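In what comes next, subunit A is part of two complexes: it sits with subunit B in the first one and with subunit C in the second one.
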Partner chain A sequence: MKFAIQVNEGPYQHQSSDSAYFFTKAALEKGHEVFRVFFYHDGVNNASRLTTPPQDDRNVVARWAELAEEHDLDMVVCVAAAQRRGMVDEGEMQRNGKDATNIHPRFRISGLGQLVEAAIQSDRLVVFGD
Partner chain B sequence: MSTLHTVNKSPFEKPSLDACLAHVGGGASVLLLEDGVYAATKGTAVEERVKGALDSVKLFVLGPDLMARGLSEDRVIEGISVVDYAGFVDLAAENDKVQAWL
Partner chain C sequence: MSETIKKFLYLNRKAPYGTIYAWESLEVVLIGAAFDQDVSLAFMDDGVYQLTKGQDTTGVGMKNFSPTYAALGDYEVKKIFVEKESLDERGLTLDDLQHLVWEDEDDDWAEKDSIRLVSREEMTAIMDDADVVFSF
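Presenting the complex of A and B:
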(Lines of atoms letter the chains of each structure in order from A and count residues from 1; the text may use other names and numbers.)
(Lines give C-alpha, C1' and ligand atoms only; values in the text may rest on other atoms or scores of the structure.)
Protein backbone atom coordinates (compact mmCIF):
# COMPACT_ATOMS: atom_id res chain seq x y z
CA MET A 1 0.00 0.00 0.00
CA LYS A 2 1.09 3.56 -0.73
CA PHE A 3 1.24 6.01 2.20
CA ALA A 4 1.69 9.77 2.28
CA ILE A 5 2.79 11.33 5.57
CA GLN A 6 2.15 14.91 6.69
CA VAL A 7 4.14 16.37 9.60
CA ASN A 8 2.81 19.62 11.09
CA GLU A 9 5.00 19.83 14.18
CA GLY A 10 8.64 20.77 14.68
CA PRO A 11 11.31 18.58 16.28
CA TYR A 12 11.47 18.49 20.10
CA GLN A 13 8.19 20.41 20.27
CA HIS A 14 5.99 17.65 21.58
CA GLN A 15 5.86 14.17 20.09
CA SER A 16 4.32 14.29 16.64
CA SER A 17 7.57 14.38 14.66
CA ASP A 18 8.65 11.26 16.57
CA SER A 19 5.28 9.57 15.99
CA ALA A 20 5.45 10.34 12.27
CA TYR A 21 8.99 8.99 12.08
CA PHE A 22 8.14 5.72 13.85
CA PHE A 23 4.99 5.28 11.77
CA THR A 24 6.92 5.86 8.53
CA LYS A 25 9.67 3.46 9.63
CA ALA A 26 7.15 0.76 10.61
CA ALA A 27 5.28 1.17 7.30
CA LEU A 28 8.51 0.76 5.31
CA GLU A 29 9.55 -2.24 7.41
CA LYS A 30 6.22 -3.87 6.62
CA GLY A 31 6.92 -3.48 2.91
CA HIS A 32 4.58 -0.55 2.26
CA GLU A 33 5.60 2.30 0.00
CA VAL A 34 5.87 5.84 1.34
CA PHE A 35 5.16 8.14 -1.59
CA ARG A 36 6.20 11.34 0.18
CA VAL A 37 6.70 12.91 3.61
CA PHE A 38 5.40 16.48 3.54
CA PHE A 39 6.55 18.92 6.22
CA TYR A 40 4.08 21.72 6.82
CA HIS A 41 3.68 24.57 9.36
CA ASP A 42 6.28 24.22 12.16
CA GLY A 43 7.06 20.81 10.68
CA VAL A 44 9.46 22.57 8.28
CA ASN A 45 11.90 22.89 11.20
CA ASN A 46 12.52 19.13 10.93
CA ALA A 47 14.66 19.95 7.88
CA SER A 48 17.36 22.11 9.47
CA ARG A 49 20.84 20.65 9.02
CA LEU A 50 22.14 23.01 11.72
CA THR A 51 20.44 21.36 14.71
CA THR A 52 22.80 20.08 17.42
CA PRO A 53 20.87 18.12 20.04
CA PRO A 54 22.74 16.79 23.12
CA GLN A 55 24.62 13.58 22.39
CA ASP A 56 22.38 11.48 24.65
CA ASP A 57 19.22 12.73 22.91
CA ARG A 58 17.76 11.54 19.60
CA ASN A 59 18.76 13.55 16.55
CA VAL A 60 15.40 14.07 14.87
CA VAL A 61 16.75 15.66 11.68
CA ALA A 62 19.53 13.10 11.19
CA ARG A 63 17.08 10.29 11.90
CA TRP A 64 14.69 11.47 9.15
CA ALA A 65 17.63 11.96 6.79
CA GLU A 66 18.97 8.45 7.44
CA LEU A 67 15.54 6.90 6.84
CA ALA A 68 15.25 8.89 3.61
CA GLU A 69 18.71 7.77 2.51
CA GLU A 70 17.94 4.13 3.25
CA HIS A 71 14.57 4.07 1.48
CA ASP A 72 15.05 6.88 -1.05
CA LEU A 73 12.20 8.86 0.55
CA ASP A 74 10.94 12.07 -1.01
CA MET A 75 10.88 14.58 1.88
CA VAL A 76 9.29 17.88 0.91
CA VAL A 77 9.19 21.12 2.90
CA CYS A 78 6.36 23.59 2.23
CA VAL A 79 7.86 26.72 0.66
CA ALA A 80 5.53 29.30 2.25
CA ALA A 81 5.94 27.75 5.71
CA ALA A 82 9.72 27.58 5.13
CA GLN A 83 9.99 31.23 4.09
CA ARG A 84 8.14 32.35 7.21
CA ARG A 85 10.43 30.30 9.46
CA GLY A 86 13.78 30.92 7.76
CA MET A 87 14.24 27.46 6.23
CA VAL A 88 16.43 28.24 3.21
CA ASP A 89 17.89 26.30 0.29
CA GLU A 90 20.14 27.56 -2.50
CA GLY A 91 17.23 28.74 -4.67
CA GLU A 92 15.44 30.51 -1.83
CA MET A 93 18.71 32.14 -0.73
CA GLN A 94 19.20 33.70 -4.14
CA ARG A 95 15.54 34.56 -4.71
CA ASN A 96 15.17 36.31 -1.37
CA GLY A 97 18.67 37.78 -1.05
CA LYS A 98 19.71 35.77 2.02
CA ASP A 99 23.32 35.11 3.00
CA ALA A 100 23.07 31.43 3.97
CA THR A 101 21.23 28.15 3.57
CA ASN A 102 20.23 25.80 6.38
CA ILE A 103 18.24 22.96 4.83
CA HIS A 104 19.52 19.39 5.08
CA PRO A 105 20.36 18.02 1.60
CA ARG A 106 17.93 15.08 2.01
CA PHE A 107 14.99 17.52 2.10
CA ARG A 108 13.73 19.73 -0.71
CA ILE A 109 11.57 22.85 -0.69
CA SER A 110 8.47 22.86 -2.87
CA GLY A 111 4.85 23.94 -2.92
CA LEU A 112 1.57 22.80 -1.41
CA GLY A 113 0.75 21.13 -4.73
CA GLN A 114 3.16 18.40 -3.64
CA LEU A 115 0.90 17.62 -0.68
CA VAL A 116 -2.19 17.53 -2.90
CA GLU A 117 -0.39 15.27 -5.36
CA ALA A 118 0.76 12.97 -2.52
CA ALA A 119 -2.82 12.74 -1.24
CA ILE A 120 -4.10 11.87 -4.72
CA GLN A 121 -1.35 9.39 -5.58
CA SER A 122 -1.37 7.57 -2.22
CA ASP A 123 -3.88 5.13 -0.75
CA ARG A 124 -3.70 6.80 2.67
CA LEU A 125 -2.66 10.22 3.95
CA VAL A 126 -1.68 10.08 7.61
CA VAL A 127 -1.35 13.43 9.42
CA PHE A 128 0.75 14.05 12.51
CA GLY A 129 0.75 17.33 14.38
CA ASP A 130 0.02 19.36 17.44
CA MET B 1 -16.31 3.22 4.32
CA SER B 2 -14.44 2.62 7.54
CA THR B 3 -12.24 5.29 9.05
CA LEU B 4 -9.38 5.19 11.53
CA HIS B 5 -9.56 8.23 13.81
CA THR B 6 -6.42 9.23 15.72
CA VAL B 7 -6.54 11.29 18.93
CA ASN B 8 -3.22 12.56 20.29
CA LYS B 9 -4.44 14.95 23.00
CA SER B 10 -5.07 14.22 26.65
CA PRO B 11 -8.83 14.44 27.40
CA PHE B 12 -7.85 16.61 30.38
CA GLU B 13 -6.17 19.17 28.13
CA LYS B 14 -8.33 19.43 25.01
CA PRO B 15 -11.80 18.27 23.93
CA SER B 16 -10.46 16.35 20.89
CA LEU B 17 -11.52 12.95 22.19
CA ASP B 18 -15.02 14.16 23.07
CA ALA B 19 -15.38 15.79 19.65
CA CYS B 20 -14.17 12.61 17.98
CA LEU B 21 -16.43 10.26 19.94
CA ALA B 22 -19.44 12.53 19.37
CA HIS B 23 -18.81 12.33 15.64
CA VAL B 24 -17.75 8.77 14.89
CA GLY B 25 -20.29 6.25 13.78
CA GLY B 26 -20.61 2.54 14.34
CA GLY B 27 -17.78 0.37 13.14
CA ALA B 28 -15.20 3.14 13.26
CA SER B 29 -11.81 2.63 14.89
CA VAL B 30 -10.22 5.17 17.22
CA LEU B 31 -6.51 5.04 18.07
CA LEU B 32 -5.28 6.89 21.15
CA LEU B 33 -1.64 7.96 20.91
CA GLU B 34 0.78 10.47 22.46
CA ASP B 35 -1.02 12.22 25.37
CA GLY B 36 -4.26 10.68 24.12
CA VAL B 37 -3.26 7.42 25.85
CA TYR B 38 -4.35 8.84 29.24
CA ALA B 39 -7.96 8.36 28.11
CA ALA B 40 -7.34 4.62 27.84
CA THR B 41 -6.47 4.17 31.52
CA LYS B 42 -8.74 3.07 34.33
CA GLY B 43 -9.87 5.30 37.17
CA THR B 44 -10.00 8.65 35.36
CA ALA B 45 -12.83 11.16 35.10
CA VAL B 46 -13.46 10.11 31.48
CA GLU B 47 -13.43 6.34 32.09
CA GLU B 48 -17.22 5.94 31.86
CA ARG B 49 -17.37 8.00 28.66
CA VAL B 50 -14.65 5.87 27.08
CA LYS B 51 -16.28 2.61 28.24
CA GLY B 52 -19.58 3.79 26.77
CA ALA B 53 -17.91 4.42 23.42
CA LEU B 54 -16.75 0.80 23.32
CA ASP B 55 -20.34 -0.23 22.52
CA SER B 56 -20.17 1.40 19.11
CA VAL B 57 -16.50 1.91 18.18
CA LYS B 58 -13.31 -0.11 18.32
CA LEU B 59 -10.73 1.54 20.58
CA PHE B 60 -6.97 1.08 20.34
CA VAL B 61 -4.07 2.56 22.30
CA LEU B 62 -0.43 2.87 21.23
CA GLY B 63 1.67 0.72 23.60
CA PRO B 64 4.99 2.59 23.22
CA ASP B 65 3.26 5.84 24.22
CA LEU B 66 1.77 4.18 27.33
CA MET B 67 5.22 2.93 28.25
CA ALA B 68 6.80 6.37 27.65
CA ARG B 69 4.42 7.73 30.30
CA GLY B 70 5.07 5.00 32.85
CA LEU B 71 1.65 3.44 32.30
CA SER B 72 1.59 -0.34 32.26
CA GLU B 73 -0.83 -2.27 30.05
CA ASP B 74 -2.73 -3.62 33.08
CA ARG B 75 -4.01 -0.08 33.67
CA VAL B 76 -5.76 -0.06 30.29
CA ILE B 77 -9.58 -0.27 30.31
CA GLU B 78 -10.82 -3.70 29.27
CA GLY B 79 -11.94 -3.82 25.66
CA ILE B 80 -9.26 -1.40 24.44
CA SER B 81 -6.58 -3.15 22.37
CA VAL B 82 -2.92 -2.23 22.79
CA VAL B 83 -1.01 -1.96 19.48
CA ASP B 84 2.57 -1.07 18.52
CA TYR B 85 3.62 1.06 15.52
CA ALA B 86 3.33 -1.95 13.20
CA GLY B 87 -0.24 -2.37 14.50
CA PHE B 88 -0.87 1.34 13.85
CA VAL B 89 0.26 0.83 10.24
CA ASP B 90 -2.05 -2.19 9.92
CA LEU B 91 -5.00 -0.15 11.24
CA ALA B 92 -4.25 2.63 8.74
CA ALA B 93 -4.12 0.05 5.93
CA GLU B 94 -7.24 -1.86 7.01
CA ASN B 95 -9.42 1.24 7.16
CA ASP B 96 -10.31 3.25 4.07
CA LYS B 97 -8.93 6.51 5.43
CA VAL B 98 -7.24 8.06 8.43
CA GLN B 99 -8.57 11.17 10.18
CA ALA B 100 -6.37 12.95 12.73
CA TRP B 101 -8.19 14.92 15.45
CA LEU B 102 -5.35 17.38 16.08
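Presenting the complex of A and C:
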Protein backbone atom coordinates (compact mmCIF):
# COMPACT_ATOMS: atom_id res chain seq x y z
CA MET A 1 0.00 0.00 0.00
CA LYS A 2 1.08 3.56 -0.65
CA PHE A 3 0.89 5.89 2.34
CA ALA A 4 1.02 9.64 2.81
CA ILE A 5 1.85 10.72 6.36
CA GLN A 6 0.92 14.04 7.92
CA VAL A 7 2.58 15.13 11.18
CA ASN A 8 0.76 17.97 12.94
CA GLU A 9 2.61 18.27 16.23
CA GLY A 10 6.08 19.26 17.32
CA PRO A 11 8.72 16.97 18.82
CA TYR A 12 8.89 16.18 22.57
CA GLN A 13 5.79 18.23 23.44
CA HIS A 14 3.49 15.68 21.87
CA GLN A 15 3.60 11.98 21.03
CA SER A 16 2.29 12.49 17.47
CA SER A 17 5.74 12.79 15.97
CA ASP A 18 6.91 9.62 17.73
CA SER A 19 3.81 7.71 16.64
CA ALA A 20 4.17 8.94 13.07
CA TYR A 21 7.80 7.89 13.07
CA PHE A 22 7.05 4.39 14.37
CA PHE A 23 4.16 3.99 11.93
CA THR A 24 6.28 5.12 8.99
CA LYS A 25 9.17 2.89 10.01
CA ALA A 26 6.90 -0.14 10.45
CA ALA A 27 5.15 0.48 7.13
CA LEU A 28 8.46 0.70 5.29
CA GLU A 29 9.82 -2.41 6.99
CA LYS A 30 6.67 -4.31 5.96
CA GLY A 31 7.41 -3.37 2.37
CA HIS A 32 4.82 -0.62 1.97
CA GLU A 33 5.60 2.59 0.16
CA VAL A 34 5.56 5.97 1.86
CA PHE A 35 4.98 8.57 -0.81
CA ARG A 36 5.75 11.51 1.44
CA VAL A 37 5.85 12.66 5.05
CA PHE A 38 4.38 16.14 5.35
CA PHE A 39 5.04 18.27 8.42
CA TYR A 40 2.38 20.83 9.23
CA HIS A 41 1.31 23.10 12.12
CA ASP A 42 3.92 22.76 14.93
CA GLY A 43 5.03 19.57 13.18
CA VAL A 44 7.45 21.75 11.20
CA ASN A 45 9.63 21.89 14.32
CA ASN A 46 10.55 18.25 13.74
CA ALA A 47 12.89 19.51 11.03
CA SER A 48 15.22 21.63 13.19
CA ARG A 49 18.81 20.44 12.93
CA LEU A 50 19.60 22.52 16.03
CA THR A 51 17.58 20.27 18.32
CA THR A 52 19.69 19.10 21.28
CA PRO A 53 17.82 16.61 23.47
CA PRO A 54 19.40 15.21 26.66
CA GLN A 55 21.73 12.31 25.96
CA ASP A 56 19.48 9.74 27.61
CA ASP A 57 16.48 10.71 25.46
CA ARG A 58 15.59 9.84 21.88
CA ASN A 59 16.66 12.27 19.17
CA VAL A 60 13.44 12.80 17.22
CA VAL A 61 14.94 14.85 14.40
CA ALA A 62 17.97 12.61 13.88
CA ARG A 63 15.71 9.57 13.95
CA TRP A 64 13.52 10.94 11.15
CA ALA A 65 16.64 11.88 9.18
CA GLU A 66 18.13 8.39 9.51
CA LEU A 67 14.88 6.78 8.38
CA ALA A 68 14.76 9.12 5.41
CA GLU A 69 18.35 8.34 4.54
CA GLU A 70 17.76 4.61 4.72
CA HIS A 71 14.55 4.59 2.66
CA ASP A 72 15.04 7.66 0.49
CA LEU A 73 12.00 9.18 2.16
CA ASP A 74 10.59 12.50 0.95
CA MET A 75 10.09 14.69 4.01
CA VAL A 76 8.41 18.03 3.33
CA VAL A 77 7.92 20.95 5.69
CA CYS A 78 5.05 23.33 4.91
CA VAL A 79 6.45 26.71 3.92
CA ALA A 80 3.65 28.84 5.38
CA ALA A 81 3.75 26.99 8.70
CA ALA A 82 7.57 27.10 8.65
CA GLN A 83 7.72 30.84 8.06
CA ARG A 84 5.44 31.50 11.03
CA ARG A 85 7.58 29.36 13.29
CA GLY A 86 11.07 30.37 12.14
CA MET A 87 11.99 27.19 10.29
CA VAL A 88 14.43 28.39 7.64
CA ASP A 89 16.38 26.89 4.76
CA GLU A 90 18.85 28.62 2.43
CA GLY A 91 16.16 29.82 0.02
CA GLU A 92 13.90 31.13 2.76
CA MET A 93 16.83 32.85 4.44
CA GLN A 94 17.61 34.79 1.29
CA ARG A 95 13.99 35.50 0.37
CA ASN A 96 13.10 36.83 3.80
CA GLY A 97 16.41 38.47 4.67
CA LYS A 98 17.21 36.22 7.63
CA ASP A 99 20.71 35.67 9.02
CA ALA A 100 20.59 31.91 9.61
CA THR A 101 19.14 28.59 8.60
CA ASN A 102 18.04 25.79 10.91
CA ILE A 103 16.51 23.07 8.76
CA HIS A 104 18.02 19.61 8.73
CA PRO A 105 19.28 18.79 5.21
CA ARG A 106 17.13 15.63 4.97
CA PHE A 107 13.99 17.81 5.06
CA ARG A 108 12.87 20.25 2.40
CA ILE A 109 10.52 23.22 2.58
CA SER A 110 7.68 23.36 0.07
CA GLY A 111 4.03 24.30 -0.31
CA LEU A 112 0.75 22.86 0.88
CA GLY A 113 0.18 21.56 -2.63
CA GLN A 114 2.66 18.82 -1.71
CA LEU A 115 0.26 17.61 0.98
CA VAL A 116 -2.72 17.66 -1.37
CA GLU A 117 -0.73 15.88 -4.09
CA ALA A 118 0.40 13.24 -1.59
CA ALA A 119 -3.22 12.65 -0.56
CA ILE A 120 -4.24 12.22 -4.19
CA GLN A 121 -1.35 9.94 -5.11
CA SER A 122 -1.49 7.66 -2.06
CA ASP A 123 -3.92 4.94 -1.05
CA ARG A 124 -4.16 6.30 2.47
CA LEU A 125 -3.46 9.61 4.17
CA VAL A 126 -2.63 8.98 7.83
CA VAL A 127 -2.76 12.08 10.03
CA PHE A 128 -0.93 12.21 13.35
CA GLY A 129 -2.07 14.96 15.67
CA ASP A 130 -4.63 16.04 18.24
CA MET B 1 -1.97 18.35 -12.19
CA SER B 2 -3.71 15.03 -11.62
CA GLU B 3 -6.31 13.01 -13.48
CA THR B 4 -7.53 11.35 -10.32
CA ILE B 5 -10.54 12.88 -8.61
CA LYS B 6 -10.95 11.89 -5.02
CA LYS B 7 -13.53 12.75 -2.41
CA PHE B 8 -11.71 15.06 -0.01
CA LEU B 9 -13.22 15.68 3.40
CA TYR B 10 -11.73 18.40 5.59
CA LEU B 11 -12.79 17.64 9.13
CA ASN B 12 -12.76 20.62 11.48
CA ARG B 13 -13.14 19.84 15.17
CA LYS B 14 -11.51 22.71 17.03
CA ALA B 15 -12.50 26.23 18.07
CA PRO B 16 -11.23 28.99 15.78
CA TYR B 17 -8.75 30.84 17.99
CA GLY B 18 -7.43 28.78 20.94
CA THR B 19 -5.09 26.99 18.56
CA ILE B 20 -4.00 27.57 14.97
CA TYR B 21 -5.57 24.36 13.59
CA ALA B 22 -8.69 26.06 12.20
CA TRP B 23 -6.79 28.74 10.30
CA GLU B 24 -4.14 26.40 8.94
CA SER B 25 -6.88 23.94 7.93
CA LEU B 26 -8.53 26.69 5.91
CA GLU B 27 -5.19 27.37 4.23
CA VAL B 28 -5.07 23.76 3.03
CA VAL B 29 -8.63 24.05 1.69
CA LEU B 30 -7.76 27.20 -0.27
CA ILE B 31 -4.57 25.72 -1.75
CA GLY B 32 -6.23 22.35 -2.32
CA ALA B 33 -8.94 24.01 -4.43
CA ALA B 34 -6.42 24.28 -7.28
CA PHE B 35 -6.33 20.48 -7.51
CA ASP B 36 -9.97 20.15 -8.68
CA GLN B 37 -10.98 17.42 -6.28
CA ASP B 38 -14.47 16.64 -4.96
CA VAL B 39 -14.27 18.71 -1.78
CA SER B 40 -16.44 18.67 1.33
CA LEU B 41 -15.92 20.41 4.64
CA ALA B 42 -17.29 19.11 7.92
CA PHE B 43 -17.64 20.98 11.19
CA MET B 44 -18.24 19.18 14.45
CA ASP B 45 -17.41 19.42 18.17
CA ASP B 46 -15.95 22.89 18.92
CA GLY B 47 -15.28 23.21 15.18
CA VAL B 48 -18.82 24.54 14.75
CA TYR B 49 -17.65 27.77 16.42
CA GLN B 50 -15.47 28.42 13.36
CA LEU B 51 -18.57 29.30 11.34
CA THR B 52 -20.27 31.56 13.87
CA LYS B 53 -21.10 35.04 12.64
CA GLY B 54 -20.09 38.28 14.29
CA GLN B 55 -16.66 37.10 15.41
CA ASP B 56 -14.61 39.86 17.04
CA THR B 57 -10.98 39.04 17.79
CA THR B 58 -9.95 42.49 19.03
CA GLY B 59 -9.56 41.26 22.59
CA VAL B 60 -7.20 38.41 21.72
CA GLY B 61 -5.17 40.40 19.19
CA MET B 62 -5.47 37.79 16.47
CA LYS B 63 -6.50 38.11 12.86
CA ASN B 64 -10.23 37.51 12.38
CA PHE B 65 -10.15 35.05 9.51
CA SER B 66 -13.85 34.20 9.62
CA PRO B 67 -14.71 36.34 6.52
CA THR B 68 -12.63 33.83 4.53
CA TYR B 69 -15.34 31.18 4.93
CA ALA B 70 -17.68 33.35 2.86
CA ALA B 71 -15.22 33.09 -0.05
CA LEU B 72 -15.29 29.28 -0.09
CA GLY B 73 -18.06 29.28 -2.71
CA ASP B 74 -15.66 31.05 -5.11
CA TYR B 75 -13.24 28.18 -4.52
CA GLU B 76 -15.88 25.67 -5.68
CA VAL B 77 -16.50 24.47 -2.14
CA LYS B 78 -20.21 23.74 -2.20
CA LYS B 79 -20.66 21.12 0.50
CA ILE B 80 -20.25 22.22 4.08
CA PHE B 81 -21.62 19.74 6.59
CA VAL B 82 -22.41 20.92 10.11
CA GLU B 83 -23.24 18.37 12.79
CA LYS B 84 -26.54 19.11 14.50
CA GLU B 85 -25.63 17.46 17.82
CA SER B 86 -22.50 19.60 18.09
CA LEU B 87 -24.61 22.75 17.62
CA ASP B 88 -27.23 21.53 20.12
CA GLU B 89 -24.62 20.72 22.76
CA ARG B 90 -23.32 24.27 22.53
CA GLY B 91 -26.70 26.00 22.49
CA LEU B 92 -26.21 27.07 18.88
CA THR B 93 -28.52 26.92 15.86
CA LEU B 94 -27.95 27.53 12.16
CA ASP B 95 -28.99 31.15 12.77
CA ASP B 96 -25.78 31.64 14.76
CA LEU B 97 -23.68 30.66 11.76
CA GLN B 98 -22.68 32.64 8.71
CA HIS B 99 -24.94 32.19 5.69
CA LEU B 100 -22.56 30.55 3.22
CA VAL B 101 -23.52 30.22 -0.43
CA TRP B 102 -22.12 29.17 -3.79
CA GLU B 103 -23.19 30.30 -7.25
CA ASP B 104 -24.59 27.63 -9.57
CA GLU B 105 -23.43 28.42 -13.09
CA ASP B 106 -25.88 25.83 -14.49
CA ASP B 107 -28.77 27.69 -12.89
CA ASP B 108 -28.12 31.28 -14.01
CA TRP B 109 -25.61 31.77 -11.18
CA ALA B 110 -28.29 31.35 -8.56
CA GLU B 111 -26.96 31.50 -5.02
CA LYS B 112 -27.39 28.19 -3.23
CA ASP B 113 -26.82 27.28 0.39
CA SER B 114 -23.51 25.56 1.09
CA ILE B 115 -24.26 24.52 4.65
CA ARG B 116 -26.09 21.27 5.22
CA LEU B 117 -27.17 20.32 8.72
CA VAL B 118 -26.55 16.63 9.34
CA SER B 119 -26.96 14.27 12.26
CA ARG B 120 -24.04 12.55 13.97
CA GLU B 121 -25.09 9.32 12.28
CA GLU B 122 -25.09 10.99 8.86
CA MET B 123 -21.67 12.46 9.63
CA THR B 124 -20.19 9.00 10.13
CA ALA B 125 -21.54 8.00 6.72
CA ILE B 126 -20.00 11.13 5.16
CA MET B 127 -16.62 10.24 6.66
CA ASP B 128 -16.98 6.66 5.53
CA ASP B 129 -17.75 7.83 2.00
CA ALA B 130 -14.65 10.04 1.75
CA ASP B 131 -11.46 8.84 0.03
CA VAL B 132 -9.28 11.20 2.02
CA VAL B 133 -10.02 12.73 5.42
CA PHE B 134 -7.90 15.71 6.43
CA SER B 135 -8.41 15.88 10.15
CA PHE B 136 -7.80 19.19 11.92
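FYI, the second predicted complex is superposed on the first by the 130 of 130 C-alpha atoms of A that agree within 3 Å, B and C clash if a C-alpha of one lies under 4 Å from a C-alpha of the other, contacts with A are read in each partner's own complex, and residues count from 1 in each chain.
The definition used in the following text is that a contact is a pair of C-beta atoms (placed from the backbone, for glycine too) under 8 Å apart; a residue touches a chain by one contact, two chains touch by 3 or more.
Note that the structure is a prediction, hence the values are computed from the model and not measured.
Contacts of A:Gln15 after superposition: subunit B is touched, whereas subunit C is not reached.
Contacts of A:Glu29 after superposition: subunit B is touched, whereas subunit C is not reached. When the two complexes are overlaid on their common chain A, residue A:Glu117 makes contact with subunit C while staying clear of subunit B.
Of the two partner chains placed around the shared chain by superposition, subunit C is the only one that A:Ala81 touches, whereas subunit B remains out of contact. Contacts of A:His41 after superposition: subunit C is touched, whereas subunit B is not reached. In the superposition on chain A, A:Leu125 contacts both subunit B and subunit C. Touch criterion not met for A:Lys98: it reaches neither subunit B nor subunit C. In the superposition on chain A, the residues of subunit A contacting both subunit B and subunit C are 8, 125, 127, 129-130. Of all residues in subunit B, those touching subunit A in their complex are 6, 8, 33-35, 64-65, 84-86, 88-90, 92-93, 97-98, 100, 102.
The residues of subunit A lying in touch with subunit C in their complex are 6, 8, 40-41, 80-81, 111-113, 115-117, 119-121, 125, 127, 129-130.
Touching subunit A in their complex are the following residues of subunit C: 1-2, 4, 6, 8, 14, 20-21, 24, 27-28, 31-32, 34-35, 37, 132-136. The residues of subunit A lying in touch with subunit B in their complex are 1, 3, 8, 14-16, 19, 22-23, 25-27, 29-30, 32, 123-130.
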